[in-house]
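Note that the chains take the letters A, B, C and D in the order they are written out, and that residue 1 is the start of every chain.
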């Protein structure tokens, strides 16, 4: 008996599911009870479903078999379900699991706008964790916590730091999103090799609402959105992993570039204070070079161990006509996907919410 | 005797020079006197210096020989020099040619901020052509006219249309620039395959000043800049030809999306009125699809003959928090390079300024 | 009444179908009666189904509507069906059309190994055209003629020339195949960006048999295969259009490199002699450069009009240990796809076999 | 005093040099005395010269400063020099170092064909190590040992195994080489994005001679080449790291596919027997999947720690017309570059040749 919390990985043959598995190898709090996916994959060896290029699974993990999703079994065997199910399918399964008493930490978008479901990035808004108590299933021990959309996650930590220090008025963001963000098989190669696709379904709407929800508050049983405006343009580019984002920000105060850089580099949140296993020591890495951050170098930035894809790198902080301009790179399926929910679950564990 | 104006192509072994050659094949006004480049290329067959992938030169053009730059010879043999010389080298040569009476139409940035040198996109600001009369060399018949930086060119025609109709306050632009824009050898493949480089030297500064210069006026011997603000973030992406640009615009008026689309689609400028050979029938193509424009489909948009890379395609026109959002794709070495100067020279020819 | 032969394009929303449409614009012998595809695409505008990047369709073609496949209608309205239907679906439909009297020119592999169905590349084996007379449906006026697999097509013309002149013993071929060869959506971008996939289902087997069938004979009601051996290794690489092939050849004779080059460059076949509309003037272009052919430059090699993607480019002809080595590039969806069947139909038309 | 052997890394700002540094982090035998490069890089921080995408250097390594090449200093301070100097420059410097008593382990090709300089892949030919005793500088303690060209290295271990077991007659190899193999800046992006370049200067000649030299013997003061023939065609493809190679082999015996697979998988060489630190447990990984090996998954194959890029992966073993066909993937700058020389130096250390 390891004494670790048993967890199910849902959607284990997909891009996000496989990142969950990666983060669960030798995890100090959690251990994998089973890998679940659709009936089509039942019985397959995990190693034969690989989608992640830079994988480094143990042999015993590669040899695990995929099981068919079985809500009853999972709810009996596991305290936690990590969900990498595609958003269009995730909703009902996640609801059912929560009803049966499972704590669901999900990357899917299905429940992000539900009245009492929080979107948590624990460097940003652990105060909103309390909303789970208002979920119908909470009495049962079951609840749903979502991580943010990958593009929102990459910039929400820097925005939190800047909002706290200087106040945000308006955020103009253009994204350069990696193809792993579209899952597998995802984007056909004929569509993206040598191309830019300036459209990702519902992505801009998600960014424009999720950021305000996360930087807002939860009180009296409802979420109150933060007051700043977000204008988002989202595009796909031929990059494997790592979203790059161009930011122009109108702030209430007028700090110097150095002050902005210092506030970002010095920012620490709850995961850092609590020493959560997946937390990067420094959630925001500020780059001084004239041409960074870049996905190929910065997607795994930070310590320990290059932060396992959990830090946001910010660079080229400049000011133009009173607006602050900068670039951000983050790992879209780690920080912006599986890593987000992993950190949420670690927070819940550490705070005794499990 | 063809009766056509003799022209020299400078920098004929480079990316822009080769686009000049392409546009000069069977040109109704101009004929190539010689192809010029640095000493290193002297005597090479043009066809052995190819950089352009989708080339379609005639056999006799492929067989032309490259000559060493010779200002004296060019000034005697040619009325016009089209310059595709790299900006860091172009300045003195272009000045010398103008001094010797040559009309220089250049893609180089060296003289763009000179006091009496106009940056012309003839759909936008032919009224600034008069500034050449204040150049020292004009008495001699020589002058310099520049085309705009490739990223500025792609959006300046739509911005002109919108400014005329609704008034511009602020323009937020993020670019997704093709690698051909960096010339040859340009960007090392190890730097850009599967990557985004959020830095192009001086590009943002150029956009923030050139757009205001072009949409301003020339009076009393000096350029007066337009009053709106530009905030630019520029990045390189792994695309061969075609700059994609994300625009968010604050306008003085509040037109409907349909009105914006109509103003753009209906816009015509001097090149259209004069029927210049390289002018697209419609300088701005408005796309209705949810996922266009894209470089792979739209870089050659328009008529005649898919506009030879001379139209800007605009799509995904939306409104968010009172800001207008849209995407633009244009050909960076045709519309945004050689084609720009070609159109300027055609305008000069037609108006008798040669 | 144009007097042209009416043709149907089957699979018109796919990669090959769209190349058929491209080749049929202003065709001197044929005119499009209708564009056909699966029920899913019924009623769509052709222009809204674009897969081809370098398209140059007329506006009226872009505005054509897709019809659902209707064998009865097609057999009444058309003499010819050009089939770009995926191989796994094409078989029964093509058989039915032939039974109803239609001449089917197909890119699909379904019937290539049928006892009386020829695989024709008209520079190579028009003598095998006679096999159609032994098809059951021939009395009815219907028959099936296939073009070769894209990888076989690229090299079969050079192999014909070399076999005629020097005799082939063994051919070792490794392919570098473009992603357009897998159709659409085809290869997921996560699988191929920055990668090589050394496996294309059944491709090696096809090459090892089709080449011998085409260079063999048809007599006494059956195909006799040529005696040389083919050893093929096939891989997919991140190229949009254009298959590159590495060849090592053991020949019966020992010509000089110059003799090999001359035999290839001088080769002409029936399409050249008959002046067929889609025939390149020179079916094999021999390159002298040390680093050609390359897909980006040579996929459209040749005259007229860069041969519309119908010539094979051969370069780097060398000899090592008595083996002849060379590289070949050809357009996989034109020469190796739609263009192959188009040329077959043009041959049939010209020879009165329609 | 660590008691470790002091080593210099030459060409430390280049692609191979940086892989040497990576392999030297916490090395049990060796410790970095200094990082050397051309004058141009003198004083730069190592971390500011990064070329390797998947780097994972320690902070103190990133902060090391680059020194100018100083043969006198190096020869006094170091027993070993690892050379990642470009081949066209490496020759004289390496000779001078050997003359001054340094053991030079080099990736450069300059000395590979010298009369007494061995090309060592220690799984293959440690018996040739004795040739260093015939180098003029040996009395002084200095000598030169080269690793093989990257394309030869990837296949030489499998070829050794097959030659020992079944005897080789002829090897037909076509390469799909990664761009990191060309160093930095190396291949311009305009040349390789979406393209195949079927030419790498001198690569085919190197493969055709190096393989026979390595599989031959050294006796009576000279190298005797192995008797089999190699026919190589080499191409560059848009892959960052990892050479893929297509092999067709004529063997003296006729083993079953299973026997071939077993011989490859069971093969072990000196590095495995001696337990050298950089040796993979299994130098050849045999893949059973129908579509492997692939660079994106297999370039880091093996144990321990995915073998640090030191194993060759072999897959798709088939037989056609009596020829054996297979595909090989290996890491071109680790196994085929820095890792090769590292293993050579580890062998020398363990055997007391230092």
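The working rule: a residue touches a chain if its C-beta (ideal position, glycine included) is under 8 Å from a C-beta of that chain, and two chains touch if they have at least 3 such contacts.
Just so it is clear, the model here is predicted, and its values are computed rather than measured.
A.B. asks: What chains do chain B and chain D have as common neighbours?
C.D. replies: A, C
A.B. asks: Name whichever of A-C, C-D or A-D reuses the B-D interface, so over half of the contact pairs are the same residue numbers.
C.D. replies: A-C
A.B. asks: Averaging each chain's C-alpha atoms to get its centre, pick out the one most distant from chain B.
C.D. replies: Checked the centroid distances; the maximum from chain B is D.
A.B. asks: List the centre-to-centre spacing of chain A and chain B in whole Å, with centres computed as mean CA coordinates.
C.D. replies: 42
A.B. asks: Report the inter-centroid distance (CA atoms only) between chain A and chain C in whole Å.
C.D. replies: 47
A.B. asks: Of all the residues in chain B, which ones touch at least 2 other chains?
C.D. replies: 193-194, 238, 240, 296
A.B. asks: Okay, in this complex, where on chain C does chain B touch?
C.D. replies: Residues 48, 50, 53-56, 59, 193-194, 289, 296-297, 303, 305-306.
A.B. asks: Along chain B, where are the residues that touch chain A in the complex?
C.D. replies: 170, 172, 174, 176, 194-199, 204, 208, 229-233, 235, 237-240, 244, 246-248, 290-296, 315-316, 320-321, 323, 325, 327
A.B. asks: Given the complex with chain B, which residues does chain D contribute to the contact?
C.D. replies: 15, 51, 179-180, 184-194, 238, 240
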